[in-house]
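All chains are identified by letter, namely A, B, C and D, in their written order; residue positions are counted from 1 within each chain.
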Amino acid sequence: MKSKLVSMAEAAALVPSGSSIAIGGSIIRRSPVALIRELIRQGKKDFTVLAYPAGFTTDMLAGAGALKRVEAVYEGLFQFGQSYNFRRGVEAGVIDIRDFSEVAMAARFRAAASGLPFMPTDALLGTGMAANNPEQIREITCPFTGRRLHAVEPANPDFTLLHGYIGDEYGNVQFPLVRDADDLDPVFAKGAKRLIVTVEKIVPHSEILKNPNLTYIPHVWVEAIVEAPFGAHPLSCDGYYDEDEEHMYYYQACSKPGNFAEYADRYIYGTKDHWDYLAKALTPERIFALSAR
Amino acid sequence: MKSKLVSMAEAAALVPSGSSIAIGGSIIRRSPVALIRELIRQGKKDFTVLAYPAGFTTDMLAGAGALKRVEAVYEGLFQFGQSYNFRRGVEAGVIDIRDFSEVAMAARFRAAASGLPFMPTDALLGTGMAANNPEQIREITCPFTGRRLHAVEPANPDFTLLHGYIGDEYGNVQFPLVRDADDLDPVFAKGAKRLIVTVEKIVPHSEILKNPNLTYIPHVWVEAIVEAPFGAHPLSCDGYYDEDEEHMYYYQACSKPGNFAEYADRYIYGTKDHWDYLAKALTPERIFALSAR
Amino acid sequence: MAYADDYTLNELMVVAASRELRDGDLIFIGVGTAGRAFTVAVGIPIAAARLAQETHAPNLAIYWNNLLSPDLSQIPPRLTQHHLTTWPTSAQLHNCSDKNDMLSRRLFDVSFDSAPQVDRYGNLNITAIGDYRHPKPRLIGCLAQTDHFAYVKRPIVLTDLKKRTFVEKVDFITSVGHLNGGKSREEAGLYPGGPWRVITDKAIFGFNEKSKEMEILSIHPGVTLDQVLAEMSFRPLTPDSIPSTESPTTEQVRLIREAIDPNHILLVA
Amino acid sequence: MAYADDYTLNELMVVAASRELRDGDLIFIGVGTAGRAFTVAVGIPIAAARLAQETHAPNLAIYWNNLLSPDLSQIPPRLTQHHLTTWPTSAQLHNCSDKNDMLSRRLFDVSFDSAPQVDRYGNLNITAIGDYRHPKPRLIGCLAQTDHFAYVKRPIVLTDLKKRTFVEKVDFITSVGHLNGGKSREEAGLYPGGPWRVITDKAIFGFNEKSKEMEILSIHPGVTLDQVLAEMSFRPLTPDSIPSTESPTTEQVRLIREAIDPNHILLVA
C-alpha cells in the first residue's frame, strides 16, 4: 500500500478554484474546517458546495467570497443561529442555490455512490424545489406501477472533503464505536471522485488491522490523508470534543453585522497554518474543557 | 416498549403456507435455520424464498417439498457442494426460479427498503436473466443521459426471517463488533413488512442501551423475536460458532442421492423443538469445538 | 381527574400535543435552533411524547437527532454534542440512510414541524420569503420537513400564531400540505394524508375533510376568536360553536414539572 | 533472472495470472467451493495477487470474501468462518452495499472468474445448462460474475480447458462478455471492456481487438496446439506463430512455495 499522507497545504493545493466540492459532516459537527480554512488561505474561490446539511464551512466560504453555488438540505448554524454570510450572498443573487429535501439529497449521493445516472424519488412531488430545478429534477413514470416520480441527478462533485477520527498513512479511516450520526460521510466517500480526508490522529496500520469493522473509508477510495488534531474546531467532533460555543458566538458577532473580515483576519488569514490557528484559537485549558470525557 | 418475545413455535405459526419469505444470512452463515426447521415441522409449504445468496435453508425447504419459487443470486452450499434438493426441483420444473446478479438483487432490496416502486440498474443489460424475466426487469431510459437501463422491481416479501446475535425482548438486535459481512440482513430488516428475528441470546434492555451504535435492527421494525442459541446450526454464526462440517457432510450424504427424508426424519420431524434438535445434533464437546475462541 | 388551575402556555401546548399521540406511534421530532424556536420545534414535542408515554401511550417511541427511542427518563443536563452522543438509546441511527428510508417507507406516524410560513392548505415554507432567486430573507432550506409532509401519516405543525406566519399562500412550497385543497394533493402524485393538526399558542386547527381548508378545532382558554383571527392573514373555517382547548390536568402538570422537565432543558422559552 | 525447471502446473498458472496484474490494481476474487474449483477460483488468484505484491505490484489490493486488503502475509491456517472473521484486514466490508457500489462505480480493475461454460466471445454461463426452465443440470445462479463482466475493467477468466466448457455459444448468458463480437457489447448498452484474458491449464487467450473472438496468446510449455484445440468445441483465432507461455522464474517458484503457500492452503488441487 502506498502512503497518501500529505500536509494540509499540499492537500488544499490539490483543489483548484472553480471546483465542486462535497463537504462532509453536518452543520456544526465533524466538518473538515481546517481544510476549508486552508483553501481560503490559499485564495481558492468559485466553489460549488454539495452538502447534506451545510453549515459553518459553507458560511466561511461565503464570507470569504469563495462560494458560487450550494446544493444542500439546509444552511444555518443550528443553535448559533443563521448562516449570515451565506444568506447575504443568496439574497444578493451572488450565490446560486439548489434546494433538496433530506431524502432527495441522500438519493443524489446514493446514485453517485452506486455509479447510477439517476435515482428515482417521490419526495419532491409538488414542491418548489422541483418547480425551480428542471435541470436536476425530472419527472418520470414508474414502469411497473405507472406512478409519477422524479428522477434526481447524481451528486458527482469534483472533490470530496471529509474530517474523520483516526486513519493510517494509507488512507484507511475508522469510526470510534461510540459516536453520533455519520451523516452521509460514508456515502460521500464511496461516491467520491477525488477524496481528501483530514483526521484527528494518524495511527499505525497495525491499529487499523485490529478493528477492520470500524473502517468506513478503505484506503482504495482515498487520494490524500492529513493529520489535523481538532481539525473540526470550532465545531464538534463526536466522541472527541464538543462545539466551542465561545468561538461560535464570536464568529456570529462578526458575521451577523457583515464583519466576517474581522474574524477571517484573526483566524484564517492571520494564521499561517493549522498549528498556528490552534495556538491562536485554543489554550490548553480550553482544549481540556472541550474534550469529550 | 412492548415485549415481542415469543417461542419458536409461536413465531413460525405467524407465517402461513404460500407466503413469500426473505431469508437472511448467506449460504452457510447466520441464517435462521431453527426457524425454517420449525416451519417444516409445522407442515408449512408453498413458499417463495427471496435471498441474496440462498443456501442451506432454501435447500431444506426444497427437500421438504415446501418450496415453490426462489429469487436469489446463488443456490448452493459453498464448500459442501451443490444444493441437490433445490436443483432437482428446478430441473423437474417444480421450483420456479428468478435469477439476479448481486448488484441487481441488492438493488431490489434497496428499493423495498426505501419504499420505492423500482430501482434503476445497468447490471443486467444483455443477460439471460433480463431476457427471461420481463415481469420484474424492464427496460427504461435515463432521463438525463439517455442511457439504456433496467428498472428492477422491489423485493417485497410478506415475511422477513433473520437470525442475529443478541437482542432484547423489545426487538432491538445488535451486532458484535468483530464480525464477518452482514450480508443484506440490515437492508432486509429495513424493508421488511413483517419481521421475525431469532437471536443467539436475549439480553436485558440495559445492555442494548450501552452500545446503541451496534443496534442494526431497532425494535420498531420487529414483529417477533425468539431466543435460539445455536439457531443457525449447522451453519456458522460469525463471532459465535463455526459451520458444523460433520453435520453438513451427513446432510449432503442424504441429499445427494435423494434421501433428504432420512435427514429430515432424524433432525426435523424427529425433533420436537429447537432444544430437542440441539440435544440430538450436538454434544457439549461438539458445542465447545465449534464455538469461536 | 382534576383540571389544573395553574399552568403555563407551554404546558398547555405540551398537553394538547400529547393528546394527539397514540399508543404505538413512532414520532419524528426535528431540530430547533435556540430560545423559542427550540422550545417549539424540540422542547414541546419531546415533553409531549414523554407525557404520552407516562399516561396513555406507553409504547410510543421517538426519533430525534439520530437517536431512535432515546430513554426519555434520562434527558441529559445539556444538549451539547457529547451529551447527545452518550444519551442512552435503543439505537443510534448513525447511518442516515436508515432514517431517510424509514421516512420514505412511511414508518413514521407523527412528525412535528414548525415554519415561518404556513398557508390555508397547510403548505409550509422554510426556504425563502419573496422571490426564490432573490429572497428577502433567505431561510434555512428544507431539511426533512419536505419528507415529513410527503410520507408521515399525521404531521403536526407546532408554531406560534402570527399574521406573517399564517399566510394565504406560501411564497415557496417546501412541504406539500393539502396543496390547493380538495383532491389536489393526491392529483399531484403524493400519498394521501398531509398535515393533520396545527397546534399554536392560541388555538388548535385541523383541516376540513372535503375542502382541506384549515379549520379551527378549539381555542385556548382565555383567548377569543377575534384574537385568533387577528394573528392570521387568512380566515380559517370557523365552526358555529368552537370548543375551548381542554386544560391540562393537575397530574399532567405535575408530571411535566417534576418528572419530565424539572431542570428546564426542554421548555426554555 | 533464471527460469525454473521444476514447477507445477498450478505454479505456472499463478505466475501467468500474476503477470497480468499491475501495480495499484484493485482485484475482485470470487468464492470457490472445494478441491479443484477452489484452487481455480480462489487459490490461484490469491497466490497470484500475493506474488504480484512481492514482485512488481506492491500497491495492489484484493477484495475477497468481504475482506478488503486482507494482509496476504497472514493467510490463516484454515478457511472456516472464524478464521475469516478474524483475518487481519484493512477493512471488513460488512455492508455488502459497499462492495456492490464499488462494482457498479467501476472501482475494480481486475476480477477472476471461472465457469462451466465459456464461449467464443467470452460470455459466461454459471446459471443453467440446456433449457433455462428445465435445465440439466441447474447450476449455481449468477453471484457477482454478471457484475464483474458489466463493470470490472479487465476481467480474467481462469478455468481449465475442457471441450464441454469451451463452447461455441453458452446456453445462457450469465455474464456478458463480447456478446456476439464486434461492437455488439457496446450496442447492448454495456460499458466497453469485457473479458481481458482467459488463463487455462493449457494455454492463455485474449480477444481479438476488432472481431472480439477468443484468440490464443500463448501455449504452456510442453503443450501442443492440437492438444489445446482438442479441448475446445470452437476453434479460437490462431496466430501463425504462437509463443510459449513464459515459465516461472526460480524466484517466483521459491516465493510461492516458501512465502505464499507453504501450508498448501491455496493450491489444494
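What we mean here is this: a residue touches a chain if its C-beta (ideal position, glycine included) is under 8 Å from a C-beta of that chain, and two chains touch if they have at least 3 such contacts.
What you see is a predicted model; the values in this text were computed from it and never measured.
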item	value
Selected interface, A-C versus B-C, where C-beta contact pairs are more numerous	A-C
Distance from the mean Cα position of subunit D to that of subunit C, given in whole angstrom	58
Whole-Å gap between the CA centroids of subunit B and subunit C	40
Subunit B and subunit D: spacing of chain centres that average the CA atoms, whole Å	29
Multi-partner residues of subunit C (each touching 2 or more other chains)	92-94, 100, 104, 151
In subunit B, residues with contacts to at least two other chains	114, 116, 121-122, 147, 149, 178-179, 213
Arrangement of touching chains [line / ring / star / complete / other]	other
Chain pairs in mutual contact under the definition given at the outset	A-B, A-C, A-D, B-C, B-D
Subunit A to subunit C touching residues, read off their complex	29, 52-54, 72-76, 78-82, 86-87, 90-93, 97, 99-104, 106, 110, 121-129, 131-132, 147-149, 178-184, 186-187, 236, 238-239, 241-243, 245, 292-293
Subunit C residues touching subunit A - in the complex, by the definition given at the top	31, 33-34, 38, 66, 80-82, 84-86, 92-97, 99-100, 103-104, 125, 127, 132-138, 140-147, 150-151, 172-176, 179, 185, 188-190
Contact set on subunit B toward subunit C in their complex	1-2, 113-116, 170, 172, 190-191, 205, 208-210, 212-213, 215, 218-221
Subunit C to subunit B touching residues, read off their complex	24, 26, 59, 61, 67-69, 71, 88-94, 98, 100-102, 104-107, 151
In the complex with subunit A, residue positions of subunit B that touch it	107, 114, 116-122, 138, 140, 142-145, 147, 149, 151, 153, 177-179, 211, 213-214
